[in-house]
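Worksheet: one structure, shown below.
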Amino acid sequence: MKTAVIAAGLALAAVRLGAETHRFVPTQFYNTYSAAHPPVLRIMPGDRVVTKTIDAAGTDWNGKSVGSGPNPQTGPFYVEGAEPGDMLAVTFDKIETNRVMAYSASLLAPYAVDPQAIAARTDREARRLTWTIEKARGVAHLDQADVQPGGLELPLRPMLGCVGVAPARKEAISTATPGPYGGNMDYAWLNAGVTLMLPVNEPGALLFIGDGHAQQGEGEVAGTGLETSMDVEFTVKVVKKQAIGWPRLENGTHIMVLGSARPLLEAFQHATTELQRWLMADYGMTERGAQTFMGQATEYEVANVVDPNFTVVAKIRKATLPRR
Amino acid sequence: MKTAVIAAGLALAAVRLGAETHRFVPTQFYNTYSAAHPPVLRIMPGDRVVTKTIDAAGTDWNGKSVGSGPNPQTGPFYVEGAEPGDMLAVTFDKIETNRVMAYSASLLAPYAVDPQAIAARTDREARRLTWTIEKARGVAHLDQADVQPGGLELPLRPMLGCVGVAPARKEAISTATPGPYGGNMDYAWLNAGVTLMLPVNEPGALLFIGDGHAQQGEGEVAGTGLETSMDVEFTVKVVKKQAIGWPRLENGTHIMVLGSARPLLEAFQHATTELQRWLMADYGMTERGAQTFMGQATEYEVANVVDPNFTVVAKIRKATLPRR
Amino acid sequence: MKTAVIAAGLALAAVRLGAETHRFVPTQFYNTYSAAHPPVLRIMPGDRVVTKTIDAAGTDWNGKSVGSGPNPQTGPFYVEGAEPGDMLAVTFDKIETNRVMAYSASLLAPYAVDPQAIAARTDREARRLTWTIEKARGVAHLDQADVQPGGLELPLRPMLGCVGVAPARKEAISTATPGPYGGNMDYAWLNAGVTLMLPVNEPGALLFIGDGHAQQGEGEVAGTGLETSMDVEFTVKVVKKQAIGWPRLENGTHIMVLGSARPLLEAFQHATTELQRWLMADYGMTERGAQTFMGQATEYEVANVVDPNFTVVAKIRKATLPRR
Amino acid sequence: MKTAVIAAGLALAAVRLGAETHRFVPTQFYNTYSAAHPPVLRIMPGDRVVTKTIDAAGTDWNGKSVGSGPNPQTGPFYVEGAEPGDMLAVTFDKIETNRVMAYSASLLAPYAVDPQAIAARTDREARRLTWTIEKARGVAHLDQADVQPGGLELPLRPMLGCVGVAPARKEAISTATPGPYGGNMDYAWLNAGVTLMLPVNEPGALLFIGDGHAQQGEGEVAGTGLETSMDVEFTVKVVKKQAIGWPRLENGTHIMVLGSARPLLEAFQHATTELQRWLMADYGMTERGAQTFMGQATEYEVANVVDPNFTVVAKIRKATLPRR
């Protein structure tokens, strides 16, 4: 038996020696986060899962329609030993595009712009545009001169729009919606290398993933990223008796909390409140010290303003955290 | 005569050869943005102003109380040739702390956290804390073990919370408030090196500056930065007949728009809408091309959620802009 | 066969002659709106149901705890012939208190007051208060001089906080939450005599009721009404192929739409938008005529600002509707 | 000397015997609430003013354009003895239309409907419509079959959209905007017979009135009422050392507070918070008693969702107030 340690010295559940690698190719896809769906796989903490996700509209890596929107999910994965009140930590080792085609919307979403700007549009037709992913060059491009003379080209930054677990209170929530259970947070910086921490509400946690984007602006203001299918690898860990209020994220430079709600300010408030709790619990800060520090050190990102709940990310640069 | 060019090839007003440098030490300070205040100085486009600002509560670089809060302003500076419908571009060559003391608040502001978290506080007393600026080491530190054992230390990143002009419609607006005229935007990245563009609403524009922070977190969630006095140098330019809706900002890496309003989403909408207008006017984008591009390329920052209007910044990384 | 006609001459499904009366005393109670719960009764359009609801915390008419909060529901009732795309119309002939005790909260809810007012409270302890219902006198009173010298007394106005059907998209939603499916709207004027119209999302509609209040202020700003158990009688009708976006309500004087969302303005927008649609579809108004009329004739009520979604009611006084 | 008593036994300033009646026909009109405007008249507490207002676009009772929008104001009236920290009580004895023509907008305002509904409009042209006021019949009608076949007719309910005083902090605020100083609250029930109470921020208070509507829906969702000129009579009183946070209103049945802000919820919060303060200060309620009572007794109205600040009215039916 060995013990792994992630962010901030959390007391992790012991992890088996010789953790297994599961290769799982999904064939069925769900449109709600719910404990009512039967697990597709039972995995142990420490296990690695090598799997795939289809795009937000249900098209897979072969261009075949195998699910339906919104955001059909791969999973759920049942994590042995995860019980309500625990925290599930999911580390993504790989999030990589696996086909050439991505699509995007081409109008700014209803709540992303002034209503007067919506009224003033000369062209209100919702059109889906097709982008080409060039993995070798690390870019995606749109080659439609009728949309933009000269086309558009952007660097790839593959991410998952959706990572979630079964919600609390026996709710079954549409995979369009982010919340305390994670879900459709659409955070542009949920890339390979991050660890996402989610509350466990049901035995086995029931982990779902989906909605890959080859690239996405912050706010997801057009209502889509560059929607495509993905190859994904992740490992899971369980932190026992570590109840958290909102998803937490850690990457090489930052610790973060993702709050989701409408209005946008409430998402901001949830993220800020949970971040204070985290600093006090795990980083030795006092009630007043944490607030004083946060006033001068917090950074924020807007993950999405287009889903049924909006998502705001409150961040602390690890280099600014007090030495412990 | 020579012609300077800033961001995106704007047609600037011709600038005099041999532009003047004005050294101005303020002795009177205003608490409203208003065309009713007599100009302290009349300057020409191209001129440089070397001046100072006092802190948000009215204390100067000698620790002497010479003005009163909120955010007493240096100015107004009357810019010759600036007329309603023009755009004023202010480039800050220097924003530098000029004393050792800064102060901050130490409770998260009312709208920055969940109301339940306010109800649950064990200590609700508003306390002002004193930080020490160590310019040589490039840091500010708080040495109060009763606030945080071991104290707090953060890198310096001097900024101006307030840069504004006289508002439209003959309004006189408190210097606590940001708006289309700029004002108390409290944007942590309004540092030396940036160019801020503001609409001209009154003859001479009437430029005000103030509210320096040695460092500030995004969102200004404690309601203050590290409030201190500043040495400031700036030059101004006038772009004729270039009506803009919201302040625009350019630094080495990004073009940005700062929208201010409540609720937070409306600030977001203003910034996004004006950014689209800018991309279409100056970067050769079509109505649909701009929207498609913004969906995948926009970044956002939350400048403040504590002032009478909140401020959101919509940004485009210049490297992603199409070649023109 | 006879045909009943409700609001605005809707084409109702034919109703059986000799409609049945069902007497149903619930023994099991649900905490989600979901099509996954087995119907307790199958009823025909035109049938009358005579039943009871327990209070929001699960206590019944005998003071016995038989369910758990929030808002345990009586039902679901399966309405024969109701199919997705239809509209269910529920007429409440009786909503009457059936016990002496009601309880209420005694602090204004987190989002109902300024956050500064929460910080300034001298007493933050959540306390549940017990009121006495005097049906003969038509009042409820609170006799606790420590809460209010002289006590408090208010007229009875019995209502149901919750009336809902199975949601769309296979979601299972907490009975704390109102939405397009109805649910916990907490509208103080959902009293005996009204007809509530709900969209049908699942075969049989699956009607749930609960959360009776002997009296409630608008906004439900303390987070509860005078929570108690109720005797309820209702009849149902089905309007075929009449898709509606939000619950509609009709009483003796008004037609109304109940929009639910956060922020409050979005609830307002949903109600206003659906009301325009209704006026155009059923009251002979043009697109511009409806808007012109609504500008001068609409009334609004705030049903709740305390549930996961807030609820706003847009109303038109029937006397102001154009003759048709 | 006699002493008048208004709402809730307030200790009023003594009022002269033989109070004067001033007949004032305005010829100059202001578009900001500001202490910088010279008073048109100096009046004593108890005095009556008989005057007129022009419509929101500047047209007077003769159909002559004499001012410019938005909401050109009659006044300011300087009230002798009114000092900062006092409360001004204005009783309107007459608010009556004085011409045949009124105009209205005919599209729902940008924030009043779902943004998707704006995108879906078939006709987006802003058109101003002319209504006919028939004072004898007590109605206003629109006779344009192209807008609505058969036309529209609504009862008259004359009101003032704007009643305000000079704001605090030397601000000059557009007459489009409501706030703590009153202003453009656009409350449909500010009719003849009410007493409006406003905070005094500047010596003399400086009272402005304007923006009469022959009729207006709640929320003012089309962005206008039936805009017309008015005959107005009012008397003023001063309550010394009675600082209030938001305008208060009393009519025959209710006491009310009008909170103004964006977002809508914040206006609601301001009104609710100030109402609690009022109940505790003047109606013998304890901190917990007031909250308990308000939860079951408060009513709300939405005055406007179209001005730079939105306005919400929190109301208590006087019949439900505890006997004192």
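As written, the chains take the letters A, B, C and D, and residue 1 is the first residue of each chain.
Keep this in mind: a residue touches a chain if its C-beta (ideal position, glycine included) is under 8 Å from a C-beta of that chain, and two chains touch if they have at least 3 such contacts.
Remember, predicted model here, so these are calculated numbers, not experimental data.
S.K.: From the centre of chain C, which other chain's Cα mean sits the farthest off?
M.R.: Most distant chain from chain C: B.
S.K.: How many Å are there between the centre of chain B and the centre of chain D, using C-alpha atoms for each centre?
M.R.: The mean C-alpha positions of chain B and chain D differ by 36 Å.
S.K.: Need the CA-centroid distance for the pair chain A / chain D, whole Å please.
M.R.: For chain A versus chain D, the centre distance works out to 48 Å.
S.K.: On chain D, where are the residues touching two or more other chains?
M.R.: Those would be 111, 114, 116, 121, 263.
S.K.: Name the shape of the chain contact graph, picking from line, ring, star, complete and other.
M.R.: It is complete, because no pair of chains fails to touch.
S.K.: State the interface residues of chain B toward chain C in the complex, per the touch definition above.
M.R.: The contact residues of chain B facing chain C are 110-111, 114-116, 118-119, 121, 124, 263.
S.K.: Along chain B, where are the residues that touch chain A in the complex?
M.R.: Residues 104-108, 111-114, 116-117, 121-123, 127, 129, 142, 147-150, 152-155, 215-226, 263-265, 268-270, 272-273, 276, 284-289, 291-302, 305, 310, 312, 320, 322-323 of chain B touch chain A in their complex.
S.K.: What does chain A use to touch chain C in their complex?
M.R.: Chain A residues touching chain C: 31-32, 34, 36, 169-174, 261-263, 266.
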